[in-house]
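Okay, so chain A shows up in both of these, paired with chain B first and chain C after.
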Partner chain A sequence: MSGKNAGRVNPVYTAQLGHYRDAQAAFASERSGDPEWLVGLRANAIDRFAEIGFPSTRLEEWKYTNVAPIAKDALVLRDGDAPEIEGAESLSSAIARDPEALRARFARCPASKDRAFALLNDAFLANGWWVSVPTNADVGAPIHLRIDGAAAGEVLHPRVLVDVAPGARATVVIELEGGPGLTNLVADIEVAANASLDLVLLQASEGDARGEAGFQVSTASARVARDGRFRSHTLTTSGTLVRNDLDVLLAEEGADCELRGLFLGSGSRLIDNHSAVDHAVPHCNSRELYKGILGGRSKGIFRGRVLVRPDAQKTDATQSNPNLLLGEGAEIDTKPQLEIYADDVKCSHGATVGQLDEDAVFYLRSRGIGVAEARALMILAFANEILDALPEGVASDAVAKGLQAVLEEATS
Partner chain B sequence: MLVIKNLHASTGGTPILKGIDLEIAPGEIHAVMGPNGSGKSTLANALSGRPTTEITEGSVLFEGKDLTEMEPEIRAREGIFLAFQYPVEIPGVGNNYFLKASVNAVREHRGQPPLDAMDFLTLAREKLKLVNMPNELMNRPINAGFSGGEKKRNEILQMLLLEPKLCILDETDSGLDIDALREVAVGVNALRSPDRSMLIITHYQRLLDYIVPDQVHVLSDGKIVRSGGKELARELEETGYGWIEQQAASGASK
Partner chain C sequence: MSEAGNEQLEKLARSEYKYGFVTDIDADQAPPGLNEDVVRLISAKKKEPAWLLDFRLKALKRFLEMLETETEPTWAKVSYPSIDYQNIIYYSAPKAQPQLEDLDQVDPELLRTYDKLGISIEEQKRISGVKVAVDAVFDSVSVATTFKSELEKQGIIFGSFSDAVQEHPDLVQQYLGSVVPYADNFFATLNSAVFTDGSFAYIPKGVRCPMELSTYFRINAAGTGQFERTLLIADEGAYVSYLEGCTAPQRDENQLHAAVVELVALDDAEIKYSTVQNWYPGDENGKGGIYNFVTKRGACRGKRSKISWTQVETGSAITWKYPSCILQGDDSVGEFYSVAMTNRKQQADTGTKMIHLGKNTTSTIISKGISAGQGQQSYRGLVSIGPKATGARNYSQCDSLLLGDECGAHTFPYLEVKNPTATVEHEATTSKIGEDQLFYCRQRGISEEDAISMIVNGFCKEVLSELPMEFAVEAQALLGVSLEGSVG
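Our next item is the complex of A and B:
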């Protein structure tokens, strides 16, 4: 790697920047009446995006996930408005109702900085919801946000804001229907003192069975205040190329987070889960469990960063990423990334990669259970640890369908 | 019922069984004893179809059908049951779900209608009582966290539910306390019938006090080196297996 071309990046990552600039200009001129801060936010974002382009595999964070299939095409914006849902206000309604409150809320979102996909979402920000759970409210049934899939050649940039006020409890499901195009979700979450939120990110498109699943990128960040509790459940069974980023800041003492995930790969899919937990203060707990089941020639990537800042004594952090490889050609790349700057902490991590336990499969068969069902039972058993912990009222049917595809591939 | 002729089998490419001949008639109880590593479990595995045990020579007929070509689940449905020496733990699969699936797979093979959840539960409760197991064990994952004794009882429970024609017990008595041993024996004896055969692998006479064998075989280095009546088990317990080596040594010096 010498010579003056060593620094050159594959041009595919910048090939469509002109297209996105033009598309954003057209989008902005249609929305010239929007509040000034919002117009400015979009303009700054497209400028920055045009400078950096799509992330190349030269970037450490994107080393194993090549987004060239996304970057190469001039994806057309699928415009549209989020429907009103009980418990969730559409962003367009919030803009009209109280633009100042929305401005204040956006001011608290972490800056997209050099995150290309988040910048692109900023640049086309219009569509999405603001969920606010009032103080001490206990929302029983999950608030279910369903986002339609993007058609071939299209891109969608949904934005979700979730605020759980002090003492409140809620479950929010973000269901990404998926489609052959790109869904580029950004979510920002605030869990206030003594509040509790279960967030389910469901990437389990039925269209997948018809070979229609496409690209899914999500960038989520959550901040948890004193004695607040945040649990996330990221369930991925569809998409040919999926990248999820989840950043959690445990901002005040007693904050607690549990990040759970299940990803199923079949065919030649790629599923990349990146998470980062920031223990900023003492006495916080984080638990992380992501399980991967990979069949066919699919590929999984897991990166779990845990940062324990110098002040964050008495941190208790665990991370675990067990994986089941079912296909000869399936792959997993898993890496914990612990950065611990405090000394009085408990941190542990473990990643395993295994095949189905053939002794167990034989045990089931020796009791009359057919080989395909025995294998399916074992795979389900592995997945159930995640599915069993889903919040009440969240059906795992969609996931079960995704499992079916993996099972069929694994047992055929 | 079972006719084994010149059976040779290997595990991981190593020959373990080196020519076994054994016939078990309907209703008969045969005990197999022998030193550690002599191939007793390998024989049980060969009969039940464990994929890692490869039959390299010989034949096994079960009710006239060639077993060597049969998938393990088909053998189970045909009526062969192995109570494992080391039952595996399967966290994540509920005992209840598993046993019902298992019972119904066997029933379907026999042309019987499947049991619904209620009927299955009634049946399971009845059998649980027989082996003195608490009903809660049904709600736990298969063998996960079970004590050694509970695992063995769970094997017998499965056997009671499936009502096999040939019961193979691989050291089901090992690691059981006196009471548990008696309970397991009660379970096994409940299955005694003129058309059900048993192959009992054990190191000890004590199980055979409850379940009296018609024949006792001694396995050594993959071969049956001696067969006899029930008194042979008691003799072995007194004399141990030292005589086998002497016999082999004198055989070699001839």
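Our next item is the complex of A and C:
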């Protein structure tokens, strides 16, 4: 963007930059004893963030999502250590135990570059977990990371690292609790050769029927090695403004990924799911299915990008984004994109926007099922395609409650 | 693919541009550069009324501002060296301005050019039965108009834009810029300032235009950008089918083409706009082709009106073109059928916008992209359903066929739906010609070349069948010629 254009950006996106700079300086001085690489990482990030500010809707990636409600306030950092969880080590103890290993690990994370929220997370990097699944281990029960919501006027910057060693298998659940503040999660995932990971991102606060759960931003990136398998499940039923970025790099032949998502909008929520799959090498598969159900005056956004690089022959990629638009003022903006530079590939994408089939509703009613119940049944059936594929041991009760809120709104 | 296929492909890739030649005619031209003087010169040459000069000057002011603030669009997936807008000749006209009653008065050099292009005017005059009126744009001045009187009998106004400004200024003033405002986008603004000529058609109430209207555009004279302005109005209950075809001489220097086409359909009117575009795509290194930056938009103003765009894009080094429909009237219909083909180093970023505003509006998008050689092509489209567009319906299908491992095909659809009664469907696929399909054809005794041509034609059939008869033949031949050298 040229300098002149940047000048036209609403000042709300840059208003609090000084605040975050000061907060970061205070934060850094408290942690002067941290390893040099970490201090450097934070300093570079805050410098870059101060340069670019919060993203405006003039940016293609943020065209439909206005983050002014987040950018306008000077949010205060909520500090505190992550609790120890079985199967996960807190970042602070990992850094104290083996700073060199962590330095090497962070060096492998993709640079945050122009991603304002990821930069902000980098700048306040301290909290979070490192989940490391050893070679050939099969972790039966899901590793459940629960992140408490931020209070009003507060911001949290949790960081999660997930490494699945060769041949290992695991399920990791990251649950973002509700809270009126901002939760700004960054996750970095490495799936080694022959390993398999199911990652569940759960944004389904109980008792958040009308969107008191505040702002949730997540930036996740995953790299999948030879014959590795990565499945993600992104379930969003709470939050007033939710933005999820998920980038997957299929880095070696035979890598496979499946991205699934369900977003339920009620009230005046805004839920934005951005995903990108990078087919960097031949013989990789990707499957993507995000379903949206939007009631009330909620707004849903989906962007899916599949990139097939010049040598990535024999790629098989599909992408689908069906949406149910139920509310009178509801809106969906969807951008399924294919970018293909190889010829021997099979790629497709589809997106639909529609309503419940009135014929089917009529059929159910003719069988003696009430109209509200008939509609609820059909909405549930639509959502179940995602819920049924959740890994074992992941309770979807919270999602079911979110679904209930949408149902009530849609059928009332 | 087989050795033979590769050879075939290379042969086709090397095939020369069929229509590459330059006609030697003295041109009366403005000095290169863009300023108020040039705009006033164009306007004066055309003896334009004051309101039109104002329109141009407003656009010029805005364009110079845009140049200042560097708002030349960069979002399209195309790359080209930056254009020096101050080094372009904005006006050139054949010196002898013929007032034509008879073809004998036409410069024989010109007539030979048309012969080479295969649009002999004599022949067209002779042919009875299928009557095609040709308003041939040669460089910037229309030099021949045929069948005009026959159209006049029905009250249809069809002729060059400059003539329309002289003869029907009220109609032009009423509709010019009403679909594409002078400050709409970078290239449309440039066009609004310096457009030289183009076509104008008005179909009165209840009249079904008895023949296909067609124009052949042609770019000539070195370093001349051509800026056509086309305005088509179908009054209540009228129907018109308009054909546009393009070829251009072979050139080394890149030539800029920034046309604007505006369509207006009132109640129950229907406009069918078909294009076959075969401008010089550049040599095998991508040198010298035409830059085709076109703004085409139609407004379905009236109830039950319909606008249908059909395009076959095989030429140009760079194509930047999004024929759009604004569906304002209730029950109006928009259609977009496109075949785009890129070969060698051609780049195409094309698609459509369907803006649903009225109730029960319907739109269909069928886009077929064929990418070969090192060609890059993108489908970029928007389907927007406004909050008041109840019962809107859209179906989009974008398929890409890749031939060769150095080309690219990209799809960037945008669906924006703000009404819960809307039904929107989009699907896209990208694939190559199946080895099994080829094998099947070959074991039935069909050569690889023929088989590929057959499969490609089948791939495009849905679009080609939308073309008027005259064009369908030409388009199929064009696809064949363009495919030559890309199959393998």
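Note that in this section the second predicted complex is superposed on the first by the 402 of 412 C-alpha atoms of A that agree within 3 Å, B and C clash if a C-alpha of one lies under 4 Å from a C-alpha of the other, contacts with A are read in each partner's own complex, and residues count from 1 in each chain.
Keep in mind that, in the parts below, contacts are C-beta pairs under 8 Å (C-beta built on N, C-alpha and C of every residue); 3 or more make two chains touch, one makes a residue touch a chain.
Not measured: the values here are computed from a predicted model.
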Joint occupancy of chain A by chain B and chain C, clash or fit: fit
Partner chain(s) touched by A:392 [first = chain B, second = chain C, both, neither]: neither
Partner chain(s) touched by A:352 [first = chain B, second = chain C, both, neither]: second
Partner chain(s) touched by A:330 [first = chain B, second = chain C, both, neither]: second
First, second, both or neither for A:382, with chain B first and chain C second: first
Contacts of A:86 with chain B and chain C, given as first, second, both or neither: neither
Which of chain B and chain C A:369 touches, first, second, both or neither: first
Shortest CA-CA distance between chain B and chain C [superposed frame, angstrom]: 14
Shared contact residues on chain A - chain B and chain C: none
Parts of chain B lying in touch with chain A, wherever the complex brings them together: 48-52, 71-73, 75-77, 81-82, 84, 87-88, 90-93, 98, 101-102, 105-106, 109, 141-142, 158, 162
Complex contact set, residues of chain C against chain A: 69-71, 75, 385, 387, 400, 402-432
Residues of chain A defined as touching chain C within the complex: 2, 4-5, 60, 64, 310, 313, 323, 325-355
Complex contacts: residues of chain A adjacent to chain B: 357-360, 362-371, 373-374, 377-378, 380-382, 384-385
